[in-house]
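There are two complexes below, and they share chain A, which is joined by chain B in the first and by chain C in the second.
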Partner chain A sequence: MSRVVQAGFVLAVLALWYLATEYWGVSGLLLPKPAAVLRELTDVIRTGEFVADLRITLGELAAAFVLSATGGTALGYLVSRSQYWTRTLEPLISAAYAIPIILFLPLYVLFFGLGPASKIALGATISFFPVALSTVAGFGGVERMYTVAARSMGCSGYQLFRWVLLPAALPVILTGLRMGFTVALLSILGAETLSSVSGLGHRIVSLGENMAMARMFAYIVFAVAIAASLNAIVSWLEARGRRA
Partner chain B sequence: MRGDDVVATSEEHAAIRVSSVAHEFGEEGDARHVRALAETSLEVARGELLALIGPSGCGKSTLLNIMGGLLAPSRGTVQVGAEQVRGPLPRSIAYVFQENALFPWSTVRENVELGMTFQGVPAAEREARARKALQAVGLADFAEHYPGQLSGGMRQRAALARALSLDTGILLMDEPFGALDEQTRMVLGEDLSVLLANERKTIVFVTHSLGEAVFLADRVAVFSARPGTVKQIIAVDEPHPRRPQFMTSAKFHALRDRLYSLLHDEIRKTMEETYGVRR
Partner chain C sequence: MNWRSAPRSPWIARLVLIGALFGAWEIAARWFVDKMFLSPPSRVFVSLGEVLRTPGVLDALKQTFWELGAAFALSVALGLALGLAVGLRPFPRRSLMPIVLLLYGLPQITILPLFILYFGIGPASKIAFGVSHGVFPVIVTTVAGVQNLKPILVLSARAMGANRMQMLRWVVFPHMIPSFFSGLRLAMSGVLLGVLLAELYVSQSGIGHFTTLFTQSLEPTKLLGLIALLAAMAIFLNEVVRRAETRFDRFKTV
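Coming up: the complex of A and B.
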């Protein structure tokens, strides 16, 4: 039933779009016709024009996520090992998470240039916080009973980590990784639209500035589809990791 | 047969010797400073089942954790065999905790095997010992279930299987049936008595239940109110395995009543201290 409602909602939006452009006189400069967008989209895909931009965006995302995932989990784990550091640093990380780091984009561009490096650095910074916070929460929330029981059975430090701490903390950490991945993608696309020379976000803005509205919409649809599939993949991986 | 040599605890027979052990949590003068256990000395004979019973907070669980090396006492020493306890002794001592000590992300079989994994037991032997232990507690058909899919009683059976599979001479149990309903704990108690009669392990177990203490134990150590120490030790001279009929015998009731009268004053004292209740 909820599937039907969801599909109905998407169809209604498409219908409104169609009606607005065909019959209600909305200008093609503001909102191009669905048929025109579809034509441009097939062209973008057929000619393979998107490949270079997509490769850049995905490369930035991968680099940023690898950095924040390793840095966030490593630092989160170290902080969680001591009650003192958890008490001291956890509120700091939480507070930093609430800062709109995208505002520092000009600084990132100043330091790392207009190319992918500044997007990687920004994406890594923004996604670092949810990963680190959930890692602290994950390892910090392991029930004491589990570690006591493991210790009574003579586990070594590594065995405790491998067989008790990690599986106990994993669900929470995986959620943090998924959130980190999502904000990395959002901030990288955002940064590309604001100041960049390449990537999907940059392509969309430059098409808009050249008044190629139908093609711009085609790229937006394309970017949304990419983001949605990436999210689906990451959610699937998260669910799988929880069961493992 | 157990029960014959339980009262006599000569030097070479003692499995666990507790000498002048006392424990405090927190520093003196600290607001959270608690004198958990007053000076206590105690011997547990090889092959006997000793129950620790007493009012809440009397330090019986603290003493159990000190015996097992999970907690370092403020004063005094514990010896297991010839060895002084300075930390967990997984090859001599296995634990059964009250509840939630099974890892929910592993199956029952994996839970049982994990303790052996920690101790470097080869995989084939792990499997065989796990199967045997699960059969002994009647959980052979549930090896591939997760703890969350089992009832509380079955989870405690699994925890018992994990402890048995470690093949230790000593078993320490901290209110192993404390979270279960009355009927389940009676059945588990009977099964435990049968199981242990065959195993001849040295067992110390903490309980709140007078009936459970009398039904299972060779000796019952009664604790005084906090800071607790052993007030008196009562021998239950009855061979294992104990039958359900023992529970309705005059001897059982006489022992239970004696325990109750010993405990009554201590529980009252604890209540007055904790809640300010007075008669």
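Coming up: the complex of A and C.
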């Protein structure tokens, strides 16, 4: 029964969209016809026009995520090793996390230019915080009993890390990595929308500025589908990593 | 390393660290980095007055503040109403909640140009975009809050003859207060993100106009000053809702 309601909701939205554009006279400049959007979407995919923009966006995302994942886990691990530094730095990191870092985009553009570099830097900065915070929480939350027991059985520093700390902290770190990945994707799309010369976000804006509404909607659908599938993949990887 | 030489109180250590960061920034900006791109914090601080006197900046800041307030209030009111409508009974919750979560998960930034197209470049589009970011966390936490309602409480209230209003007032609302306030905090960070994104996107007026202007005329002092003022506003608003959250956390009794 719930499925019926959900399907009904989707159908109602599509029906409203169809009726509004075909019969109620909503201008195509505000809302293009569904059929036109579908036509443009197949055209975008068939001609492979999306490849260049998608490659840039995904490249920025990969670079930003690699930077924040390595930096965030490394710093998080170092901080978590000492209670003193955890107590000192953790509030600072969470306070910085609460600031909307998108504010610094104009500065990043000033430093790194309009190209991919500013997007990578912004994405890496924004996703650094959830990764670092969850790494601190993950390693900090390991039961003292485990480390003491492992130590008293005479394990080396590496063995302690490999067989005790890492398995205990991994689930929390993976959640942080997933959150970091999601916000990196969102902030990169956002930065491309705000000030850029390339990428999916920029393509959507420039189509909008040229009033090519049907194609713009097609790209929005495309970008949403890409974001949704990336998020699904990352959630699946997270679930897999937790079990391992 | 010898930790005994480090300051005992984490507060002092934090202040020292922040001071060191600002010191490094000051030194880098004074002697190592091109003046066209970075200015030292001392100069930024001194020129804050000048930034505020730039015609239009103060108005833009005030307007952003009101947009944030309006978007936050709308998100809370709308989210609370929708959350109660969806969450109070099992059937709408099971059928509508997946739709809410789906919409929450969409990258709304891709439809920012549409908001500008529909609502114009004035405050309306920024408030609407802020609400689109702020309303979902309120819905989700409201639903979570009423969902955990213990059946025994509902049952006994009903057995004692409580009507619908009394049920909401004395059972449901007190119970959902903690999760509602964490919803408020999430809504505030969502609203900040949405409104600031829209403000930065519209370069013809408001904050976006001045950030674009200062970037293009290579005036990092003013740009940093403006961003610092906005960041201070964001920190202030975040802190207000965070205080409220910890204050009302003690309602977590039942």
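Annotations
By definition in this document, the second predicted complex is superposed on the first by the 235 of 244 C-alpha atoms of A that agree within 3 Å, B and C clash if a C-alpha of one lies under 4 Å from a C-alpha of the other, contacts with A are read in each partner's own complex, and residues count from 1 in each chain.
Operating definition for what follows: a contact is a pair of C-beta atoms (placed from the backbone, for glycine too) under 8 Å apart; a residue touches a chain by one contact, two chains touch by 3 or more.
In this text, all values refer to a predicted model and were calculated from it rather than measured experimentally.
Of the two partner chains placed by the overlay, neither chain B nor chain C lies in contact with A:A214.
In the superposition on chain A, contact is made by A:L92 with chain C only, not with chain B. Of the two partner chains, neither chain B nor chain C is touched by A:I173. Residue contacts after overlaying the shared chain place A:F104 against chain C, while chain B stays out of touching range. In the superposed model, C is the one of chain B and chain C that contacts more residues of chain A. In the superposed model, A:L122 makes contact with neither chain B nor chain C. Looking at the complex, you find that chain A touches chain C at residues 1-6, 9, 30, 82, 84, 87-89, 91-92, 95, 98-100, 102-107, 109-111, 185-186, 189-190, 193-194, 200-201, 204-205, 208, 216, 220, 223-224, 227-228, 231. Taken together, the chain A residues at the contact with chain B in this complex read 143, 145-146, 148-156, 159, 163-164, 167-168, 170. By the touch criterion stated above, chain B contacts chain A in their complex at residues 68, 70, 88, 90-91, 93-95, 97, 100-101, 103, 105-106, 114-115, 117-119, 162, 166. Listing the residues of chain C that touch chain A in their complex gives 3, 6, 10, 13-14, 17-18, 37-38, 91, 94-96, 98-99, 105-107, 109-114, 117-118, 189, 192-193, 196-197, 200-201, 211-212, 214-215, 218, 220, 223-224, 227, 230-231, 234-235, 238, 242.
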